[in-house]
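Dropping the structure in here first, questions after.
When the chains are written out, they are named A, B, C and D in that same order, and each has its own residue count from 1.
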């Protein structure tokens, strides 16, 4: 038997790129965390210490910054596609590339009722994400685009039950017909194609559907709520093939005030850290095309 | 010589208390992280292992949760005052108490243009804080109230220079008349009294003044900007005696694209993690009363 | 077209289980963070809100704690296998389960040259990990075992070069024949079988081989070092089929002291946070059996 | 009334300085996180935007790196003293300076029973700290030195009780004569002088006394244990004036297995995250000199 190199990738992670568009006095800002990875036949570097096939991660960093100017960032997705394709073109040994982007949102600071031209405050809620994977080169090159968000923290103070579940020897949980339900949602949706899609608008629209579905759906389990949220997204966006969720069930336990003679009718809760339930689910069209490499090396999903 | 007990305190830190007001269908939520500490003569517990003076931290936790219902949380400050006073009353050996609160903000989820009754999304920007310190008991009891915020992340993409500074052998920094200035602001303001103040309204007003002053003040140094922000707060709020800032200078370095023949006229920046400048300053009335114990054991200030 | 449930799993994450063995006066401690996940046909819960198939995550938590006593923790791997199998047996709708464990190491506190019976100090270096995946039930049940570690932080202050790499328009990195090389290693190795293996001993042995190979291998790239480390593990442990690495290249940049007339011959470095190179590689036997579901949903690998 | 500048300081925080001593083939490594702060009359910068008194934080950074070579790091304390004094000398407007250092420990990688010359593994347990404060200049300059450690995580699985405490309406805690006691200790000790002290040896000795006292002292409360630890340090080190502790009581709760018919006699615990008890205490000589500015702006102490 022999020992060989298996799957591998390398790149520069977490380039913190801030792009200011200052063509007019009213500046625009895009604040990104960009990670690149190249895949392909890099066995000489691993087994012989020969770097001739290897474009340094430092060069990948330089490229990520340079393309923020040369290509611009009309959306994180379009920037990531350009960067992934550029990297494959630059490196003959590469068979493909993956670019992951997190985007942090900023609002204009309100002054006298209007947003300031060049002063901003971090919105600080969820982070927008994209993962672009490119495979092959030239005519046959494939490209997959995931859009998404992480840490969208939501809570409903009623309208949630949990009953009728399977019980075994170790089951002590009481059934409840009214509880707090909270999660810090990670969602990623895969585009079958992005032809004609304004990706910034689409992001806002998907986020809005996720929120309003969470708000208005009576919940018999977090699983049911996620499925409803995913279905609503797929119904509204025909070019989205599937959506995947990872949703920690952030437990809010009734604090037992009865021990002190104080009533607590769903009013005072202990927000626990760990452990937490973790619900992960995919909602998909039954005729969705194969995902190919879209989900390869993407953290946090089944 | 002998070895003796010096200053000391003990309590329960980081009680994660969520309070839902559900008197009507339109719920309200207050989401707090509460830490209590008792000070006084607890030498028997330290030197003899005798706990007769010690109210367990577990009881302090129970009290923090119970008062969230019994007293309620009209503002974090008022809740903290009640809790600190209660703890001193409950423990004869205590000479005083300190309660620190962080509050996380939630917005109603918008549905059809209106905020939902019982579904919320974390605002996720800055955290509101309060520190209440009580000393003594009965008639002579003193009480100090700090309000504040942490992690208010702001950035201006122009309108900031840094020139004319002191230079020594190790100075290599170039002067600049146009740079990005960004910080994650911590501010705490001390009330000379809170008589007649609506503390929730005051918080929003101070935050608004801080933001608009940051936005509209041309900056010749972060120090100058902080002083302007503090002065504006003191001018608008006569019952605030002083305000203290801790402001990391979150460096955004021009990325040198000229090496690749790409122009970068203040458009592409590297947002660095460490090291960072750290500017701390107090803005105070020249006739402010003595702060007493208001700032004792409060992290992050001179 | 229809909208359907795709792949999914649910469970209880991060159960912080501490197990003390106190059969004699000389206590033993195992300190674990345990996450469980069940996979299978849970579509009724998602699409109809019917929980009859769902064993609550609270019951999974109770089970994880109970089995720490009933089965014990002879090694994290054996405990995880027992827990995963138990959960599949307990839930008819489950087709499989995955249990992830992190173990934190403790040393006995040295007193008069010997380790204390019941007082411990956290070793605090790397975390030991295991991921056990079970699929199917009864005779045909499959079981995959990964062992591993995260955050093994190593550095060599010489004996590392980086030269002869591919250059493009954006390449500005200088070649070097002497640099600091440092990483915070994550490694996971897959057992073809664990028959007759003492898994605690094997863990110590693999860790030792990883460290000594890192120390004694002259490095022409982090890729070459990882391949050498993986090969050494496979050569020493015939029952390990493959090993996967995720290795951030923690950059240590020479600080330019020449600007002040101070010599710096590889003596003073700035340890940078971000960005960092990220090298991921698999070293495998060329006749290794198929990994099946061993790597499904395991974070951080290609 | 007027608005004026109060207490203030500014500097460069978290310079990640790695110093390799390579005078022989057997390298030495010191891995530091260094923060500087200058205090004095910097009102022109705050109120007029005039930087003539201000040595840029960038220059402070350069100085911190340069002195790692020019002065060297025989101990973090001596390096910090030199750096603090240098900064005061360099800046006429400064009245004083504070330098905070965290040091991360590395061990040599064992190869064939001996430590390797130039390959290291992070010890990763506690962090060593120092805070040096300098006030004034020339003959009258004062200098205070604190040494310390953070995150020394210790646990005893028996030999700890908690009984006889004060009870009130909200007390529900049961008394116990056998519990797990665990903490992540922060300790800082103030030197009355360091004349003739080998500070690296002293650090190891104090750490050893803290650990062995923790191990061998039967505990009737964490307070008693801390006082015993502090007394032992003061008895062994006559030049230490006082020691301050901040000790979270990391609760380990018996997990109730009786609900499933499983016995749990102090064997299976849930290690809780929050809330936690927080015990802070000073152990001091009764004739200790005044601490002056030694503790000013040092986080986490009464």
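Assume contacts are C-beta pairs under 8 Å (C-beta built on N, C-alpha and C of every residue); 3 or more make two chains touch, one makes a residue touch a chain.
All figures in this text were calculated on a predicted structure; none of them were measured in a lab.
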Greatest separation from chain D - chain, by CA centre: A
Between B-D and B-C, the pair with more C-beta contacts: B-D
For chain C paired with chain D, centre-to-centre distance based on mean C-alpha positions, whole Å: 31
Chain centre separation in whole Å, for chain C relative to chain B (CA means): 38
Centroid distance [mean C-alpha coordinates] between chain D and chain B, Å: 23
Shared-contact residues (touching 2 or more other chains) in chain B: 15-16, 62, 66, 170, 172, 259-260, 273-274
Chain-level touch network, classified as line, ring, star, complete or other: complete
Residues of chain B that touch chain C when the two form their complex: 169-170, 172, 259-260, 273-274
Chain D partner contacts - residues on chain C that touch it in the complex: 15-22, 27, 29, 31, 62, 65-66, 68-70, 106, 109-112, 116, 118-126, 151-159, 180, 208, 211-212, 214-216, 252, 255, 257, 259-260, 262-273
Sites on chain C touched by chain A in the complex: 1-16, 35, 37, 39, 42, 45-59, 61-63, 66, 90-91, 162-168, 170-173, 219-221, 223-224, 226-227, 230-231, 234-235, 242, 244, 248-249, 274-287, 296-297, 299-302
